[in-house]
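One chain, subunit A, links the two complexes that follow: it is found with subunit B in the first and with subunit C in the second.
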Partner chain A sequence: MGYFLTQLARLAENVALAIGSHLTIAVGNIFFLGGSTMFCFGAYALAISQKLGVDPWLAAAISLICSFIFSFLFVLAYTKLSNDSFTVFTLASMLAFEALVKSWDDVTGGVLGIAGIMRPESIGKLKELVIFQIIFMIILLFAEYVILKTVLGRSLLGMRESKQFVESLGTSTKMIGGAAIISSSLMAAAAGVTTVWRIQFLDASFGSVAMLILSVTIAILAAKPKIRWLMLSAIFVTFLPEVLRFTPLPSAMVGHLRILIYSVMLIIVLLTISKKLMPQKRFI
Partner chain B sequence: MFFLQILLNSLVMGTQVVLLAVPLYLVYSSSKIYHLGLGATGISVAYALWFGLKSGWSVPMAIIFAIICAVILGLISFSLLEKLAKKKEHMFGLLVSFSLGLCLEAITAIMFGTDGKFFLTTPLPTIRFSELYLTFPGAATLATGLILSVLFLILVAKTPWGRKMKAVSENSYLLSSLSFNATTVRLLVLIIASILAGFVGIMMTFNSTLTPGAGFNLVVLAFIALLVGGVNSLKGTIIASYIVVLIPELIVGLSAGQYSVSLSWKMVIVFVVAAIFLTWKPNGLLTRKERVE
Partner chain C sequence: MPKEILEISNVSVKFGDAMILKNISFSVNEKEIVGIIGPNGCGKTTLLNAISGFVPLESGTISYNGQDIMDLPPYKRAQLGIGRSFQHAGIFRDLSVEDNIVIGLEKAEKYPWYWMFTPKFRNKTDRTVKESLEEVDLLAHRKSLAGILSGGQIRLLELARLKLFHGNILLIDEPTAGVAPVLRTQLAAIIRKLNREHGFAIVVIEHNLKFLFDLVDKVVVLVDGEKYMEGKPEEIQKDKRLQEIYFGGSV
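What follows is the complex of A and B.
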């Protein structure tokens, strides 16, 4: 039962994290790789607030507010840099954040991390937490569905086709891109908050490249800007490496094999279905 | 003297970044793709050399084996990136190369484990200039970096080969009409880039330990240098490589007392420095504004 609940919780966390990547990469063609950074940032903001004695729910709110403010750094980079430079910049942010967490040990606990992070009383048991995470995942999926139907979603889809075209309709692509990045960051931070409530421990290895490759694989495998595709993709990507658990491999190797599977999957997906991800070229 | 020692160490590290930033620049110039897998390629080549030496092969034999591995990795990169370079899907190219890097990291971790490996079990031989010390791999890195930087600066700016390489990414069809094969140019560039990355991987791990993830930090540093220097300027990239290494090293080395900054802050400082430079000069230090017609 515990294994089943943990897998459900992981699915909910992965979906919450991947919605942000889906919104930016698959919908808006903005290659924002800062999701993993925001995932860690949200988790650390929560853990530090709780360490200072703040109530867990209030700590979650503080974490989201801090994440909202921090995400403006990415928005600034998005408005200043070219697409590919922005992508590398967001990727580098992951390393910088990891270094910050390891170095600022007075606050973050350094490499030892922060242990004993309490869950709110109302979701104190794993079963209650999983129910909460699933409800939260559904809310986020619904939020993405709504976003896709609004001006923001339509403009993002338009940006995928042609930025100039969206600009010509009087919509600022920088503002739309910025809004997508902020939404994506908040979703990733929220995923970080719920994950840290589940594992109740946090250290510098939290998030990192593994989470990044996972979220990007889900977002790119989903390919189409539809939430059902995102959900199917998340289920597939979350449960595929679980096969490894039933093999007699040492646990140290399983982690690397999981990354290997995600990376190979991402390469195959990018090389085979990339046409579906990119808008069709039209010749007039 | 302490300041000079920091400067010398920073020069060695800056040269390592240069040696990785140059192949990144070459790949970018020929295909407009940021090859994020180059760091892991370099480390894989270093592992190949280590494996050869540990298996009791002679040094030349182990070096030949490492070069063969570098060429194979270059060919793998080519087979994965060529299609995307032709279609001008550069962002997918970036993600594919990133995934390739992670694949290589995972494979080396599975094959050799994640514990640090050493090329030499004895202390590194050093060269002494008055009170300044420099390790032999450090000196080799400095010398090779200097020679290769000058060589590539001349090659890219003054020779038909460099012009052809840049032309490939701009308009490969036009280049083909002039009877040049764009595919061959990209293939050669990727093989050269893999060999250079392998050299950096070996030199870097000679100075420290060999771990599967060691290339990732260096490749990100090299990318930051490429962005800060300007993706279209090799000169800017070389200068920026030293800037992004020197500033954090000086801050860490010269900070003292209550305000001392530990070495683990280095990557944070690099990121802040890069953010400042990129906000100030988004197109790079030495990139001039171009007239669009």
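What follows is the complex of A and C.
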């Protein structure tokens, strides 16, 4: 039962994390790789607030507000940098944040991390937490569905093909991209909050490259800007490495192999499927 | 005296070391149709891109309704009222035909972001989409992806969206490119309607000279990035040098 609940929780967390990447990468073709940084940021903001004695729900709210403010750093980079430089910047943000977390011992606990993070009383048991996470995942999926129906979604879909076409209609692509990055960051931060409530421990490896590869793999494998594609992709990517559990490999190796599987999958997806599913950029 | 709405003055555009446009000047009056012709690579599309704000100017000025628009990004110029269609049609092929109209409509009408959840706006949108698509015989394709339409239908869809644009000038780049001859008359009729009924001034680039001369009030001829001449279609057609050198003897 515990294994089943944990897998469900992981699926809900992965979907919540990947929705943001899906919105930016698969829908808007904006290669925003800061999702895992925001996942980690949200978790740390929560853990530090709780360490200071703040109630878990209030800490979650503080975490989301801080994440909202922090996400403007990415928006600023998006408006100032070229596409490629922006992608590198968002990737580097993860390494910078990890270095900051490791070196700022007093606040983050350094490499030892922060232990004993409490869940809110109402979702204190794992089963309750998983139900909460699934409801939360459905809310986020619905949020993406609504976004896709609004001017933001349509403009993002338009930007997949040509930013110039969208601008020619009187829409600022910087504003649309910025809104997508903020939404994506908030979703990732919220995923970080619920994840840290489940594992109740946090260290610098929390939002590592593995999380980044995982979320980007789900987003790119989904490719089409449809919620059902995202769900199918998340289910596939979450459960595929579980076959390793039925092999006689040591558990430490299984962890590394999981990352390897995600990486190989991402490369295969980038080389094959994404080319067929992602629209061709058009120029004026 | 017709009111001048767009003034291009000594505009030069440089890509790297290559001078693409050299000191181009002309103006567009209210409700006037201006055609731009010239051989391939002479800078016609670059000129429209410069007016729309997609390429920076090396020198010169562009003003719209007496306002200098040089520092404005493309979307601000569109908000001011400079509409644009593109050489390869600015239609989003991954969006439905309906959404291609809606994406223009919601911006032009300044709908609130939540409009699709309110019956008032939904009904209004539904009506406008229906009327727009009916006018260009695309209603049957309303829910289809725009990418499956033929070249001519894509052009018609683009013009249907331009009709909803709130502004007073449209920059149309090669409307007949990739369009079957049978649809060209319909395209010309729609462009004329945009001008006469909706009051748009139009700057149109076109290689099909018969199509263009039947449509426009004034022609600007570009050769090698420079303005070779400007005048009424009849004057352009009479120019001996142009006939011999550019049009190969006769128009």
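In this text, the second predicted complex is superposed on the first by the 277 of 284 C-alpha atoms of A that agree within 3 Å, B and C clash if a C-alpha of one lies under 4 Å from a C-alpha of the other, contacts with A are read in each partner's own complex, and residues count from 1 in each chain.
Note that in this section a residue touches a chain if its C-beta (ideal position, glycine included) is under 8 Å from a C-beta of that chain, and two chains touch if they have at least 3 such contacts.
For clarity, every value in this text was computed on a predicted model and none was experimentally measured.
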Now for A:R198: first (subunit B), second (subunit C), both, or neither, which partner does it touch? neither
Can A:R119 be said to touch subunit B (first), subunit C (second), both, or neither? neither
Tell me which partner A:L152 touches in the superposition: subunit B (first), subunit C (second), both or neither. second
With both complexes superposed on chain A, which partner does A:S162 reach: first (subunit B), second (subunit C), both or neither? second
May I ask you to decide whether A:H22 touches subunit B, subunit C, both, or neither, giving the answer as first, second, both or neither? neither
Contact-wise, after the overlay, does A:R10 reach subunit B, subunit C, both or neither (first, second, both, neither)? neither
In the overlay, answer first, second, both or neither for which of subunit B and subunit C A:S263 touches. first
Between subunit B and subunit C, point out the one touching more subunit A residues. B
Interface residues of subunit A shared between complexes with subunit B and subunit C: none
So in the complex, which bits of subunit C are touching subunit A? 45, 49, 52, 54, 73-75, 78-79, 83-84, 86-88, 90-95, 99, 102-104, 106-108, 111, 113-114, 116
The subunit A residues in contact with subunit C across the complex are 149-152, 154-155, 157-158, 160-162, 164-173, 279, 282, 284
Residues of subunit B defined as touching subunit A within the complex: 34, 36, 80, 83-84, 89-92, 94-96, 98-100, 102-103, 105-107, 109-110, 113-114, 216-217, 220, 223-224, 227, 231, 262, 264-268, 270-272, 274-275, 278-279, 282-283
Complex contacts: residues of subunit A adjacent to subunit B: 29, 31, 73, 76-77, 80-85, 87-89, 91-93, 95-96, 98-100, 102-103, 209, 213, 216, 220, 252-253, 256-257, 259-260, 262-264, 266-267, 270-271, 274, 277-278
